[in-house]
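Think of it as A, B and C in the order they're written, each chain with its own count starting at 1.
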Amino acid sequence: MSGHPDGTLRRALSALRHDPPAVAGTAVLLLLLVVGVAGRWLAPDGVNDVDVDGILRPPSLDHLFGTDELGRDVLSRVLVAARVSLEVGLVSVGIALLVGVTVGLLAGWYRGWVDNVLMRGMDVLFAFPVLLLAVAIVAVLGPGLLTAMVAIGVVYTPIFARVTRAGVLSVREQVFVRAAVSIGASDARIIRRHVLPNIAAPLIVQTSLSLAFAILSEAALSFLGLGIQPPDPAWGRMLYDGRGFVTEAWWLGVFPGAAIFLTVLAFNLVGDALRDVLDPRQLTVGEARRSRR
Amino acid sequence: MTRFVLRRLLQSVVVLLGVTLVVFLLLQLVPGDPVRVALGTRFDQQTYDALRERSGLDQPLVAQYASYVGHALTGDLGVSFRSGQPVTTIVLERLPATLSLAVTAVLLALLVAFPLGVLSAVRSGSALDHAARVFSQFGVSVPDFWMGIMGILLFAGVLGWLPPSGYVALTEDPAGWASHVLLPAGAVGLVTASILTRFIRSSVLEVLSEDYVRTAEAKGLRSRIVVVRHVLRNALIPVVTVVAVQLASLIGGVIVIEVLFAWPGVGRLTYDAVQARDYPVLQGAVLFVAALFLLMNLLVDVLYARLDPRIGVR
Amino acid sequence: MRERTDRPTRPGRAGATDRHEPAGPDIAEPVLAIEDLTVTIGTRRGPARAVAGVDWSVRAGQTLALVGESGSGKSLTVLAATGLAPRTARVTGRVRLLGEELTALPEPRRRRLRGRHVGFVFQDPMTSLNPVLTVGRQVTEACEEHLGMTRRQARERAVELLDLVGIPSPRQRVDAYPHQFSGGMRQRVVIAMALSCEPDLLIADEPTTALDVTTQAQIVELIADLRRRLGTAVVWITHDLGVVAGVADTVAVMYGGRIVEQGPVDAVFDAPSHPYTRALLAARPGPGVRDGDLPAIQGSPPSPLDLPAGCAFWPRCPVRGDARCEHELPPLVPVAPGHRVRTFYPLSEDA
């Protein structure tokens, strides 16, 4: 009677095959995955190899994306930095998913004061503009890869908690859940067998869209010098370092930014396609409020 | 209506209290002694003691929080670790720059998003609709600071029409302000425009499928009247709220753009405070923005209730 | 597959159907006449032929009932004829409103004719009124558009109309919003709105389905009474044969996008000749029949995406003549003056 998560996922994947933007998005994501895993070996040069004679060289056969203000190969740095973006995106959304779903389940299942306390807490986190809160958290914890992940994870937790709670509230009133309760099934079992499969669809959609926003947030944090620290390359940081030279060396601005854009676009395309298949609601006010900043 | 407003007001106060707690706890998260960290190499015992006392850090945690909230209520958000100036003064000084940028960005965004969103819904499936959807997908996925850099590249570099960065106060030199605000506001506005286009389109589409729109068409009204009187009045009620919330989040969310364009607003202030480990200023800026954000949301809900005659009676 | 050889006989001449005073001298021209109307809707799964080859007409002061299950194409016929079909629909055939060929007209002209001469009452009064406009404004905005009334004149007219449809203290209620009215009162508002330009034709699309039983009777009575007083032609779309018997002069039964039986209401009710009509009449609740005892028709109506080659009712038909029914579309043939049936095996009265 209840949808099985495998079924949900399979339905989603088969539908994606027939949606050209989603196919393109998936292709970009697969490419990114390869680059993320094998970037170091794909890169023609080391990320910190300096070509002293070749500072700010325009794109050429030697350096397809040109060289930066220190003479480093931009292509190599863009390729290697893919890993950072993906890692931060996946880990931070993983944190948000785990914490958010737990909070949402507890709030929706037990209701009462548990619901009140937890969801008011989520409201509080919701009251901050996304990037501002992430910046504040990183600022106090100290900049770095790990703190960036934690900060972005915290920022995107409330949306998962809300989506989960709403799903739980509607599922728990349905006949099969009330039947399970009446025959004395344990809470954990009911949640695992009946509730989670039924809220899988909105969670999958939210995860895909959150990955896009998380990667944007990571880029913004690293632009501000609050992400992974030099000399490791990050797309946002490359834009920050190149911003002063951009009028003479356009390639410093174009390539890292295009990498961010394509990554985010790919996640958004897949997320939108998933939404159309799994969760075909209209864009709600709450989502639009939260959809980006 | 009054009850609705009172209930929302109460909710906002509770959330605001939670916000102050989060902001207060931020300082506790700083590894080690925040004052010592902030002073760094400029450490001297006298300044250290003075700052600790002024910040109330020598008291127990609960007392510290109580006094933080108490002072915040009177508009006292502490003093800067760096300049010793009151944080409230510093934040308020930066507000006009941010406001002028955020408002310009939202206006630019509306200029594009309103006609685009409405037309793409009314002519859904047309070439224009497809273009609008490509545009909004582009805007939602593009980092605004990258658009800023591309804007600098094109309009400051190649064309030389606009200054690459900098700020002139609107009150001092409107023309100079305008030439400086166009690039950052355009970059931010592009992203906002795509969010709003998407939302306006979906809101108008939803109303277009309502029975009362068919009723209006059945009356033989001109399609312009149907759209303006019957569709937009209903579709724009939620849009108003989204516009207001976008504006509110821009006030706190243009950090990166302000850094890129050397725009001396609240975002730039936050960034500088982070760099200088000037925690009271960071806390003050965050609290100020979050409070503003809450206030805007509250106003929006009240406005919503006024615009929609159904809500008032509930 | 066109059966326009047998044109509908004018119901006005059938004598028995003309139970009400005619609205004036016997005008030869019907208020609305549609011929060979076909509607194809583009869907993701291909074109769906939702209405095919439908002919009927309605004259001043008369009521035509369009009867069928949901999805039979009865509402779409009327919406398509008046230019209100969804944008994905392709409409062919001829539609004459007061003698003007609508399909040949440019949209603005058709729109004006529709607004000026046709009033619509839709199914659900909870959703067919705009929540953010006062009822007065909604009732008479068509008068401003088509009769050139000023806002003030329109307001006076709105008060008059609300009074006409039986809304108490109309002068106060005219400035209220729809959510301040009950369902039945809202439907009265919708009726007032439909009548605001003194239309020649009133389209009532299941006007009582969303209402409770007592209110249903009041609304039926109200429309019938207004029709008598104003001499308006009425097209009444419904699945409720009980209502048809009370208000209609002629009836057209639709199934799978086609008319399967049409004629004077007495003839169709006394001698239903199509198995579907007979099944519908048998399923009608009446005195002494409890809800649970109604013989339901087995199976479900065909999807317009996937229509059978022959008679659309064949899969559910209790008669099931022969292979011809399955493979060949029966023509609409007369069984009595003005009474036509689309079946190879018309039922005789005592079948």
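To be clear about the criterion, a residue touches a chain if its C-beta (ideal position, glycine included) is under 8 Å from a C-beta of that chain, and two chains touch if they have at least 3 such contacts.
A quick note: this is a predicted structure, and the numbers were derived from the prediction, not measured.
S.K.: Farthest chain from chain A, going by mean C-alpha coordinates, please.
M.R.: Relative to chain A, the chain whose C-alpha centre sits farthest away is C.
S.K.: Quick one: which pair of chains has the most contacts?
M.R.: A-B
S.K.: Measuring centre to centre with CA averages, how many angstrom lie between chain A and chain B?
M.R.: Chain centroid spacing, chain A to chain B, equals 22 Å.
S.K.: Which integer distance in Å separates the CA centroid of chain A from that of chain C?
M.R.: A distance of 54 Å separates the two centres.
S.K.: Quick check on the complex: what are the chain B residues that touch chain C?
M.R.: Answer in residue numbers: 210-212, 214-222, 225, 229-230, 233-234, 237, 307-310, 313.
S.K.: What does chain B use to touch chain A in their complex?
M.R.: Residues 11, 14-16, 18-19, 21-23, 26-27, 29-31, 137-138, 140-143, 145-146, 149-150, 152-153, 156-157, 164, 191, 195, 198-199, 202-203, 205-206, 238, 241-242, 245-246, 248-253, 255-256, 259-260, 270-271, 273-275, 277, 279, 282, 286, 289-290, 293-294 of chain B touch chain A in their complex.
S.K.: Show me the residue ranges of chain A that touch chain B in the complex, using the header's touch definition.
M.R.: Going by the criterion above, the answer is residues 21, 120-121, 123-125, 127-133, 135-142, 212, 216, 219-220, 223-226, 236, 239, 242-243, 246-248, 250, 253-254, 257, 260-261, 264-265, 268-269, 272, 282-283, 285, 288-289, 291-293.
S.K.: Enumerate the contact residues on chain C facing chain B in the complex.
M.R.: Against chain B, chain C makes touches at 82, 84, 108, 111-116, 118, 120, 122, 124, 127-133, 138, 141-142, 145-146, 177, 179-180, 190, 193.
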